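The structure follows.
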Amino acid sequence: MTEVRFGGAINRALSDALTADSRVILLGEDVAQPGGPFGVTRGLFDKFGPERVRDTPISEAALAGVAVGAALTGLRPIIEIMFMDFVTLIMDALVNQAAKVRFMFGGQTSVPMMVRMPHGGGINAGPQHSQCLEAWLAHVPGLKVVCPATVADAYGLTRAAVVDDDPVIVIEHKALYAAKGELPDPPTATPIGRARIAREGRDVTVVSYGGMVPVALAAAADLARAGVESEVIDLLSLQPWDEASVLASVAKTHRLIICHEAVEAFGVGAEVAARVADAGFDELDGPIVRVGAPFMPPPFAKALEDWYRPDAAKIVAAVKKAIS
Amino acid sequence: MTEVRFGGAINRALSDALTADSRVILLGEDVAQPGGPFGVTRGLFDKFGPERVRDTPISEAALAGVAVGAALTGLRPIIEIMFMDFVTLIMDALVNQAAKVRFMFGGQTSVPMMVRMPHGGGINAGPQHSQCLEAWLAHVPGLKVVCPATVADAYGLTRAAVVDDDPVIVIEHKALYAAKGELPDPPTATPIGRARIAREGRDVTVVSYGGMVPVALAAAADLARAGVESEVIDLLSLQPWDEASVLASVAKTHRLIICHEAVEAFGVGAEVAARVADAGFDELDGPIVRVGAPFMPPPFAKALEDWYRPDAAKIVAAVKKAIS
Amino acid sequence: MGSTDAPSTTYQLLDLYRAMRRVRETEERLAALFADGEIPGFIHLAIGQEAVSVGIAAALDEHDTLASNHRGHGHAIAKGLDLDRFFLELFGRRDGHCRGRGGSMHVADLSMGMLGANGIVGAGLPIAVGSALAHKLRGTGHIAAVFFGDGALGEGVVHESFNLAQLWKLPVLFVCENNGWSEFTETARLIATDPQRMAAAYQMRTCKVDGNDVVAVAAAARTEVAQVRAGEGPCLIECQTKRVRGHFEGDPQKYRDAGDIAVAAHDDPLLRCEAQLIAVGTAQRTIDEIKTETKIRVDAAVANARAGAQPAPLDAFADVYSPEREPVS
Amino acid sequence: MGSTDAPSTTYQLLDLYRAMRRVRETEERLAALFADGEIPGFIHLAIGQEAVSVGIAAALDEHDTLASNHRGHGHAIAKGLDLDRFFLELFGRRDGHCRGRGGSMHVADLSMGMLGANGIVGAGLPIAVGSALAHKLRGTGHIAAVFFGDGALGEGVVHESFNLAQLWKLPVLFVCENNGWSEFTETARLIATDPQRMAAAYQMRTCKVDGNDVVAVAAAARTEVAQVRAGEGPCLIECQTKRVRGHFEGDPQKYRDAGDIAVAAHDDPLLRCEAQLIAVGTAQRTIDEIKTETKIRVDAAVANARAGAQPAPLDAFADVYSPEREPVS
């Protein structure tokens, strides 16, 4: 076990992936010589050289299309989109090309590309640099979507995403980059599609992912003091997501809360709720409660952003509502 | 009452909107001289001239940005995106600009623009020309999203969208364009945000919208023969959607089905299910069942597309599951 | 179709003619099949534009990669795709290139380097650029080519792709098939620049060729492909041609002068090639034999496709994602 | 800031200097406030580039519209935005231009024709094109202008916008603020063309000017704005300038030569303007007075912003959508 930062774990995973497979390349705005806008790719240019680690122009749409073409021609490209808010510019390459190629070409080929993108608030970056738009991607057949919450999974999901034969979107919460945690020695890949029980409990199931997992754990600690034992599930993967683990937990607790930083309406939580309201209906003893951002863009001012992002108090209130 | 086609009703609404307000303009690929790829804008170029009805280059991203700038400078632009699949190219202008301007500029201004886009299958147009991606747009604070099912609402929602001060996306199911129906005389606007009870019933609530409404009605007719009375709700608006009407119906029937042509997972139905599993939980007597496309891109072959698109039989099966 | 010598020998000219005839016969058959309701969906024919796909493909090697657009039958067939599987795909049959999931707008055969037709205008360009990057980094010695229409110059990603290709000096051949139309609108009413000016803006090598003269296209392609392959960076070839039919089958072309259609139909690249063949001494009988052979081949492919099995939904499910692999550490 | 005469008179030169001083003082204060943790978020300063925003804005009328980018403080202030509300916004206060919801990257004042700073590179261009279309159709006599950086040439929508503006001969002024950098990378390593070549590709009027000479910028802007306003179609002005500070505040600029920073800092447009003023006989005291006045004005704005009320979440809710209106029939 070594203690590293979340961003450092991703850096190590990228480095290990580039070392392990010469087909892996890394492309993005300022990822090479400058070492990445958040420093996540620092040192990789020096280690792997200008052919494999490349700075790209401010051309997100072409960058994503280039990844598709490179993946179809024997490489395994990793691209970085500087802020998830700019995923708006690559939706065509992701959705109409990367996600569909395998299916629409009759299974002839795969598209082994990976896209890294930071999401979320916490640094007062305002309405166009703080969004959580993962629900869009999870709605697209052919894409995989993961979102780590811990240092170990930041490493593990990054490694898994690179070796995966399909397009995988790795969403990193930018407020986690500096968080410290333990990395197993040697570090291992985290399987895509499986959730993790971050805390066991019998009274209520709290499903979460990414930057909201530590918040959910803080809420669970609060609730434990009040005698309520929450089972906190860290989804890890949003597409495919681990329905079986969530249903198993609900079968135990009979209460379900889902929390994420994305806007609540039409977010990832809606799908989790909908599946449990179908396949898990008979196990439910109370309403399914979601905690997410209110229906507005992320505001800039500290006073507003702090209020906008879900916190432990909101989760506690939701749990109380669900078990009342 | 006059009988017109769905596409003709939209044409009339556009014509009436252009007549009523000189600030309204219409832009899109082949919408002017050629009269639109589906003929929906036929005659408008001749009636309103080349300044107000314009053919645009194949530049969807700029087109949507132009609409934002024009809306901020005193016009009320209507743009057409030829297939909803190409909404991938305008997500930035829609999401990071149009949807946010009012909020992020502190309420200084509105962005009165409207975007028309056909979605859905039925013409074997294949994976990149048949998608239903409305769930993405409904997840975006600041956008309104509507989807008419009848001739009257095709007219009515189009008129309402043009006079609305916010960006409104009007989604038209391309398989409905040729459908005939009654247009009131004079035709009226349909309020955004209110659902319509397309058929009353006491046993089960079937929520639907757009091209799936006639299918849901056919299923309801089948079920009625078996003694099951379905209440079919035509949502009309997806953002904001009429939660009160759905909850009221569920309070009567205690069973809920949601069906749409979009992929089921992370679709509009998930949000409806999630809200009812929260606010309407106590009224539910059975699982909430969704009917949507399976988790794959829309396939081309007739044999595959017919299977892919939800039909009355699938809705009937879902209802049986929900009430069993 | 690989060829490095001049196409001026009778033998090579016959190869080009045979390839064009194959594309033409295929597309005329598709027109009839669509009219008869046997083939569904959107069918964009390139009748009258065969010299472009055939002339360019003649300069490519089998493992050069090719990205195409919505009007891609000629590109696919010239690149060497199997006619049986092609027709099976257009009919939506199980054994088509794409197992019936793609149809006309998505024909692809990765084993032939054909990276797919594409329903999104402009989307093929960055894919070709990425493919060229892979060729360069992997040292394959191959190049990537991409066909796009004059209307595609409206799409921003096309410009982003030009920049990337030139910036990184990638082995990519941009082929602009300039037929004057963007669907139902003349491109001149939509685009305030042209391929030559765009290439100049990036100081990219470029040339302009009569796209209805297969010898001219093949010659230009041979010269440019050699440079691209030699590592001289990208090149843009503009082929001036004419769209004979509607934008898609079923398009009544009300927006178009009858005269314009007649002119387009009159400047037939196949007839021009036939005249060239006769001029170099080919017997009319040889030409007629090619016509007959081609017709027989297409007849067979159509019959085979008609009899083809329907695709099964469950097979489709299996290809949304790749088969699972063991995670590595 | 509207002006139609030559800026060569002392009086007009003083106006330009005063405006630049205001921008400079504001941005230097922002740097300090950010360093002290008083202002959060991303702060992109245009120190050293003041002659561009001020010179261009001097040629615009109050009701001409302006779209800006992430480095937009100068554009906003030169266009005439109120300093109090500006600082309130940067502090995230209720009475800021955007009620604290936007911050540095989204400053806007529609009443001054300022259509907003923008956090998405390139996104301002189609907005300006749309605004120009509205001016043209409504016959307002106004024009639209847009500032963008050299790095923005990478974005496809920029090229789409050039095409549309030129195609429709719209009254739009494209102002490329060429400071040689795209964040942490020299633009020369990213872009294989330049503004002059791009304009040439569209046969768009263009000119290139020393962006650190406010007199030169103002003169070029006056000439070009007059043509744009007269209906001669769009124009692209390239202003060569230098970024003195990091990409954003807090950027240690490890990627950049100390020499490059020194050269940039040395070529100070304010010092150049001061020299020009002295040369035409302005007293140093006049210049010093402007400095003092400006400092006092900014002090006041900062004090006011510090004391400003916090925004309330419920107010924010009210502005996601416009107030409801009666549906019409």
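The first chain written gets the first letter, and so on, giving A, B, C and D; residue counts start at 1 in each chain.
Basically, a contact is a pair of C-beta atoms (placed from the backbone, for glycine too) under 8 Å apart; a residue touches a chain by one contact, two chains touch by 3 or more.
On a predicted model such as this, the values are computed, not experimentally measured, just so you know.
Novice: Counting C-beta pairs in contact, does B-D beat A-D or the other way around?
Specialist: Looking at B-D and A-D side by side, B-D shows more C-beta contacts.
Novice: Going by the average position of its CA atoms, which chain sits the greatest distance from subunit B?
Specialist: The most remote chain is D.
Novice: Using CA atom averages as chain centres, what separation in Å is found between subunit B and subunit D?
Specialist: Chain centroid spacing, subunit B to subunit D, equals 40 Å.
Novice: Measure off the straight-line distance from the CA centroid of subunit B to the CA centroid of subunit C, and report it in whole Å.
Specialist: 36
Novice: Could you tell me the distance, in whole angstrom, between the mean C-alpha positions of subunit C and subunit D?
Specialist: 46
Novice: Provide the list of subunit D residues touching at least two other chains, using ranges where the numbers run on.
Specialist: Each of 98, 100-102, 106, 118-120, 153-157, 160, 163, 167, 190-191, 316, 320 in subunit D touches at least two other chains.
Novice: In subunit A, which residues are in touch with two or more of the other chains?
Specialist: 56-57, 59, 61-62, 85-86, 92, 96, 103-104, 126-128, 141-142, 295-297, 299-300
Novice: Which of the residues in subunit C end up touching subunit A in this complex?
Specialist: Those residues of subunit C that touch subunit A are 65, 67, 96-102, 106, 108-111, 115-116, 118-120, 123, 125-135, 137-138, 140, 144, 156-157, 160-161, 163-164, 167, 316, 318-323, 325, 327-329.
Novice: Once bound in the complex, which stretches of subunit D touch subunit A?
Specialist: My answer: residues 40-42, 92-93, 98, 100-106, 118-122, 151-156, 182-185, 189-191, 254-255, 310-311, 313, 316-317, 320.
Novice: Which residues of subunit D touch subunit C in their complex?
Specialist: 153-160, 162-163, 166-167, 190-193, 197-198, 200-203
Novice: Where on subunit A is subunit D touching in the complex?
Specialist: Per the stated touch rule, the residues are 29-30, 33-34, 37, 55-62, 85-86, 123-129, 294-297, 299-304, 307-308.
Novice: Mind listing the subunit B positions that touch subunit D in their complex?
Specialist: Per the stated touch rule, the residues are 20, 23, 25, 51-52, 56-57, 59, 61-75, 77, 92-93, 96-97, 101-110, 141-142, 144, 159-160, 163-166, 186-192.
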